[in-house]
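Heads up, the thing below is written out as structure tokens.
As written, the chains take the letters A, B, C, D, E and F, and residue 1 is the first residue of each chain.
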Amino acid sequence: MAYNKQDLTEMVSESAVDRRVYIDPDIFELEMKRIWGRAWIYVAHESQIPRPGDFFTTVLARQPVLLVRQDEEHVNLFFNRCAHKGAKVVELESGRASLIRCGYHGWTYRTDGSCHSITGGEQAYASQGLTKSSPCMSLGRVPRVDSYRGFIFASLASDAPQLRAWLGPTATSIDNMVDRSPEGKLEVTGGVLRYHHDSNWKFFIENLNDMMHAMIAHQSSAQTARVIGKRLFPEGTTAPPEIQILAPFAEDKDFFEKMGVHAFDNGHSYSGGKTSIHASYSGIAEYDAAMEKVYGKKRTNEILSLNRHNTIVYPSFTCKGAIQTIRVVKPVAVNETVIESWTLKLVGAPDEMLHRSILYCNLINSSANIVGPDDYEAYHRIQHGLRTEGRRWIANSRYVGAETPNDEGGYSATGSSDMVFRNQYRTWLNYMTGEQAARGERAS
Amino acid sequence: MAYNKQDLTEMVSESAVDRRVYIDPDIFELEMKRIWGRAWIYVAHESQIPRPGDFFTTVLARQPVLLVRQDEEHVNLFFNRCAHKGAKVVELESGRASLIRCGYHGWTYRTDGSCHSITGGEQAYASQGLTKSSPCMSLGRVPRVDSYRGFIFASLASDAPQLRAWLGPTATSIDNMVDRSPEGKLEVTGGVLRYHHDSNWKFFIENLNDMMHAMIAHQSSAQTARVIGKRLFPEGTTAPPEIQILAPFAEDKDFFEKMGVHAFDNGHSYSGGKTSIHASYSGIAEYDAAMEKVYGKKRTNEILSLNRHNTIVYPSFTCKGAIQTIRVVKPVAVNETVIESWTLKLVGAPDEMLHRSILYCNLINSSANIVGPDDYEAYHRIQHGLRTEGRRWIANSRYVGAETPNDEGGYSATGSSDMVFRNQYRTWLNYMTGEQAARGERAS
Amino acid sequence: MAYNKQDLTEMVSESAVDRRVYIDPDIFELEMKRIWGRAWIYVAHESQIPRPGDFFTTVLARQPVLLVRQDEEHVNLFFNRCAHKGAKVVELESGRASLIRCGYHGWTYRTDGSCHSITGGEQAYASQGLTKSSPCMSLGRVPRVDSYRGFIFASLASDAPQLRAWLGPTATSIDNMVDRSPEGKLEVTGGVLRYHHDSNWKFFIENLNDMMHAMIAHQSSAQTARVIGKRLFPEGTTAPPEIQILAPFAEDKDFFEKMGVHAFDNGHSYSGGKTSIHASYSGIAEYDAAMEKVYGKKRTNEILSLNRHNTIVYPSFTCKGAIQTIRVVKPVAVNETVIESWTLKLVGAPDEMLHRSILYCNLINSSANIVGPDDYEAYHRIQHGLRTEGRRWIANSRYVGAETPNDEGGYSATGSSDMVFRNQYRTWLNYMTGEQAARGERAS
Amino acid sequence: MRAGPTLQALEQYLYREARYIDEKRWDEWAALFADEAEYWVPASRGQPDPKNHVSLIYERSLLRDIRLQRYRHPNAMSLQPQPYSVHLISNVMLDSFDGDSGVCVVNSRFIMLEYRRDEQRTFGGAVTHTLEISDKDWRIRVKKVELVNCDSTLGNIQIYF
Amino acid sequence: MRAGPTLQALEQYLYREARYIDEKRWDEWAALFADEAEYWVPASRGQPDPKNHVSLIYERSLLRDIRLQRYRHPNAMSLQPQPYSVHLISNVMLDSFDGDSGVCVVNSRFIMLEYRRDEQRTFGGAVTHTLEISDKDWRIRVKKVELVNCDSTLGNIQIYF
Amino acid sequence: MRAGPTLQALEQYLYREARYIDEKRWDEWAALFADEAEYWVPASRGQPDPKNHVSLIYERSLLRDIRLQRYRHPNAMSLQPQPYSVHLISNVMLDSFDGDSGVCVVNSRFIMLEYRRDEQRTFGGAVTHTLEISDKDWRIRVKKVELVNCDSTLGNIQIYF
């Protein structure tokens, strides 16, 4: 059905959402236009295209796009569509080329998107007053592209706000991740894990800062790791990273309440801060030394003691500064979502740091491992449970009104509060009904 | 397209139906709301959940539901959806539990649906004036549940009529099945066969009382069985059950005309009565003895001589009293239907009776056997044949007006009459356009 | 969305089309009604059903149809739908039968479509005043069927124009193909290749007369064939057919410009004429002799020197007279199309001619070979590239206005002109918005 | 008391059985079975017996005859067009062999691709053959096919696994 | 007149051939074929010959060369990204062996999983290898692949079976 | 310096390993692995190592223990209902054998059908087993599984290949 502003408004109350936001294909299509077609969406990290001519292809709100480095300064993001008949110009996921060539008729483009050659000759278009320099002969540019400390975001809305401002306090999660490199430099490395989910994208984005699920949903893995860990590595000995990574998922309620959650404008949020499930990883002496050499003891301590759990840049980007991995959200359909996990290398840090990040990714984010599958199953069960028409609403009413302003200009609450979800849906409704939305639609 | 009352009315004439009722996805969606969302739908048999805590999960008009035995007296049917975030609470098909636990955050429920524990504590909802005892914290109940002699039905419409009255004379088919147990007790046993069909649910429900198809569509199996049977088991000898089960499908036209068809309110019907394809199975002495011991000769004879072929409780339940099997209809999509075949054990009867029922199920209802596949193929061919736009109507006009009132308050006709189909579509139109329908929709 | 005349008109400009014509399912549904439900669609060749009772089944605008030869003179085309309950009457692709029998209830039909027998007897319909001779008891006929020199076309629109007139000058491509048989007789033989494409049907129909793609898209095969051919078969020696077939795809731009394109009413067109990629196949002495024996030197020369590349009878039929193969378009969904390749034997010609046609089919039209896959990939990339919303239009503006009237009543242009595409979309718009369209819809 | 069969001989025997099915050589296939030999495809995991619980297929000679005859019947709607199969047999292991009776139990894995009317489907599972081996001939006494999805919702299955 | 090959030797030979394909070792693969050896994938069941009826593939040395060269061409659009394969070969049976000519006919079954651009497909069928066996080397004279769905509607196929 | 294993012995060993997985005989399966033996499923083609690049699975004893324990945990949501598997192992080839150390490298192909909750999926690829062979026992030192679609977008995988 076609939803009007009124319909949409009625789908989100202060403390609950209508089940249709997760299961109705028409809502999903609107989200693609009004949320994913308006917000800043994560594209890639600059380290993935270091040299002029390096390219990387991905999708933006399901539309194929092409990221190309033109030179030191310029990184261009194009719609991956030939100016001729509209074929995807680049099919490979990444590579390097001085000229971008379309396979169908061989038109070529420069890394700035301008047309370099037209098979059969440009004179064919003379009667139209067109040459290969005419704008319509070049690759189309995505309206907005900007990057923050190497993280490239794009928006399909030409009037999107400035990126840094839009990120708000979540920018500090990125800062902290960068600061953790003795050289203040991150590098995407170690490949990617692409995890297909048969459920709506919002389940994932809600789950990351859902402090109450880990100790239950991941009990079979984390509790088991604790038991085996205790047996093999008694008090006084140091458990290996595998145990240090898995065991904290089974921390008790108080632990997760204490981690706390923090919400900000535009639907952003993070959990943890003073502590998180990453807080008690063994230090790596060589790394600490490298950090102190650059930052000094105090600042190093500051950096490393910032222990955020998950940071969510709504709707597409999430990161874990303490373990240097990011997870990117790629909606496919109302009940289909791909989550990509990328690992970031702390340039200047010992390999051991990277190895731990890689290990973390394997254990938590691989579709073949023992943590992600239980989250996957939870989303799957909601996707199907919500088919029941007995109840319309899903409540997000834990600790309504109990949030307190924090000094970053957002609000904080105890870990089990639904504040983060309420904040996400306030933003959701804004996008879905806002003036911007209307403009957003004209864009397509 | 969105159909209004007028459109729907024009799809059903006294003796024909519009092809769109079988192939239009929008019609199917309306059926789910107005027919499957209003009528009494078969859920399960009480013997499947004998002990307190026993549960069974299934779907009602595509919505997951959870059947739980609370105690001797109470059997509860809930929407299988957690009161927290909406996950399916129980994923397994059947089992036993004292507390029902949701896997995502571990909320637990009692077998009466009330909330037993909220992970993170109920105090989180205090500001909303909610406790775990608040109605919204418990599992939602399906509006109506009732059972007739152990057969549990449910309706999504709170104002559905009383079950027994709604069943009408088809209740006597259930009675007869129960009476066939020397102890007056049935028990679901021997597993289930789930048969996936790539066609509309109505083809199946029409086919069961379509007396003209068996001798043709099942000729390759039944005629072959007759020939081989005659060769191996000449006059005078007794053919084994395999032959006794298969051969009658190839009886001639007169046989099927004589079986006759009988139609009743609410779209219900049955075929056969005095005779059926089950009529000439060899008696099992030990069983007859057991029956006569309880019922006496005369009554036993009454019970066993009632020889109905298929009884249809429109739209979801069909049974064969004479061989104690039921087939349950589960629509999935406009061109997708699952048929479940369950076997009922006559408590107190010799195993031989069960073995024959099981054998019957294997031979007729298994997707890997030699009878069902030809019905499947017939439905498939109609599903595709009706794509042709050359003709709009499918006629159900055999022996229009030739039906006669029967003493059960319905109408009877010769086997090849289309009366049963006409009756089904009269009911179909009632559901689809009736006042109730309107209310039915509000319910969702 | 539901498109009105205005919307559709805005989708096609003089020199460009809106991307939605290729990717919008609603447009596709309209095309099935208004284009495929109005135009003459190719069905089969008479040689496929030589004897009375021979039948062939296929689809017409996705509707199953049944072609049956009644006798020497009469070939009948029926909707493949039983007059009883609507089952597909014939499921096999081809065969022979004196009576056509439906598998579900065994009704039988004569080869003229009239009902021969009704299971259970026609008297059941007496009260309706119906007998088996009543029109509604026979197989429904497709409104229009006609054939041109053995090629059978049909239309779902009873008021479609006369076939020969509608074919216009493209009829001469068929003439030439027939003339190439010393006996003036063609015979479909050697089976069929069915090639599934995951893209819109119009990409194929545009690609055939897209002169600029071959040298680029097929470079990896054709250029390789040239190089290997040159190495193995130096100047003076004759390259084998494999090389002669593959190499010309890599001819240069001028070659393809010279081939030229020619467009006509109703969206029809052909490319080549004086020359084509088939022009320099080695002559086959025995064949030339056979031809000259019948036609004489001059006429033979005339016939064989007509070197058309692809002829398109919009929207369903394409042929290559010079190599005697046809490709038939079968749309399945907005992004799904099946292309069938059939081979025609020149009756009276040496087997070598057939062998070359077969070889051509294998090399170019088989889904497992080395030319088709690159076309397939090109269509696939457009289907996905057009998802991008950055640009609405696909230009067909090469050499706008540079076409010149030809003496067949159409227009001709240099090979790289987009004239053929502009002509196709002029026709497309006519069908989609025309008066006929309106009538076309009532038909269903 | 005779010597056990070689694994290779067992493999070749199972390959031959599968080939008869793929090539629709039904008489040769049926001839591999001993009198009253069972062909059993349970409908649930670890199903204890075929009498008290439904099966996808439970056949002995009589039903096998009927099915094979039906394959030749002109009006077998669901067999027009015909289904086709290709069986891969692997992981052949000899679980037991009784030198006196010549009875051996052979465990294997299979995948069958089935094709009909433009649709290809994949079936697979574990198979247990109980064979009677003598010098003059080998016979199948029981062929039990445990599909990996035996308790799934299944459409028409019309070829032997 | 030489002795016949062992089944194990035949299996290992077919495994090696399949492995060359999966590992894209095209030169080694091509070297297994005798001059003018045929690689044939019929487009219909029991297709009698490749000359008068279309085939999915019918190649001898020349076309094989062209295809293998094409694999290396920078502008082979439909090969970017590459397809990948894994072949399972089973049910290897020696149908005939001529001791004088060294020609043997080997029947096998295969399943190939093909993967390209996030889509995995399953192909399978029966294969007949006609081999020329001598002490110094073994060559393939004919490889005939009968797909279970040979007459189906098929999308791009770009890897050898 | 000892003699190499026969291909048949290797096949039977791999069949047994696969069977333990299909039959969920986890203790017996785990016992086949040497201490700290690696089970590795790379996430990209020709992935050089498991430390600097993500993998679908990279386990040694500790993680294997945890996973196998988890299989028995009552609250493992994603294992209710259970997944089931059938493995076909084929194309077994002995790539190398060191007579002194008893280390041999075995290459094979597999297809696994996985079934859970009414959905059947097909996985396949090449497997390299590094075995330590002694007279008293055989142990797996490394099992490396190269899925044909290792770099694809994949849903839950919860059974060992």
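As a convention for this text, a contact is a pair of C-beta atoms (placed from the backbone, for glycine too) under 8 Å apart; a residue touches a chain by one contact, two chains touch by 3 or more.
As the structure is a computational prediction, the values presented were derived from the model and not from experiment.
Number of steps on the shortest path from chain C to chain F, with steps defined by chain touch: 2. Looking at C-D alongside D-F, one finds more C-beta pairs in contact between the chains of D-F. Centroids of chain B and chain F (each the mean of its C-alpha atoms) stand 45 Å apart.
For the pair chain B and chain C, the distance between C-alpha centroids works out to 48 Å. Between chain A and chain F the centroid-to-centroid distance comes to 33 Å (mean Cα coordinates, whole Å). Residue positions of chain F touching 2 or more other chains, listed in rising order: 8, 75, 77, 88, 90, 111, 122, 152-153.
Residue positions 91, 103-104, 216-217, 374, 377-378, 381 of chain A are each in touch with at least two other chains. Taken as a contact graph, the chains fit none of the simple arrangements: neither line, ring, star nor complete graph. Applying the touch definition to all chain combinations yields A-B, A-C, A-E, A-F, B-C, B-D, B-F, C-D, C-E, D-E, D-F, E-F.
By the touch criterion given at the top, residues 62-65, 79-89, 91, 103-106, 119-121, 124-125, 127-128, 130, 136, 140-142, 156, 443-444 of chain B touch chain A in their complex.
The touching residues of chain B, counted against chain F in their complex, run 91-93, 101, 103-104. By the touch criterion given at the top, residues 7-8, 45, 88, 90-93, 107, 109-111, 122, 124-126, 148-149, 152-153 of chain E touch chain D in their complex. Residue ranges of chain F in contact with chain A, taken from their complex: 41, 43-44, 47, 51-58, 62-63, 65-67, 69-70, 73-79, 151-158. Considering their complex, residues 15, 19, 210, 212-213, 216-217, 253, 257, 374, 377-378, 381-382, 384-391, 394-395, 397-402, 416-417 of chain C touch chain A.
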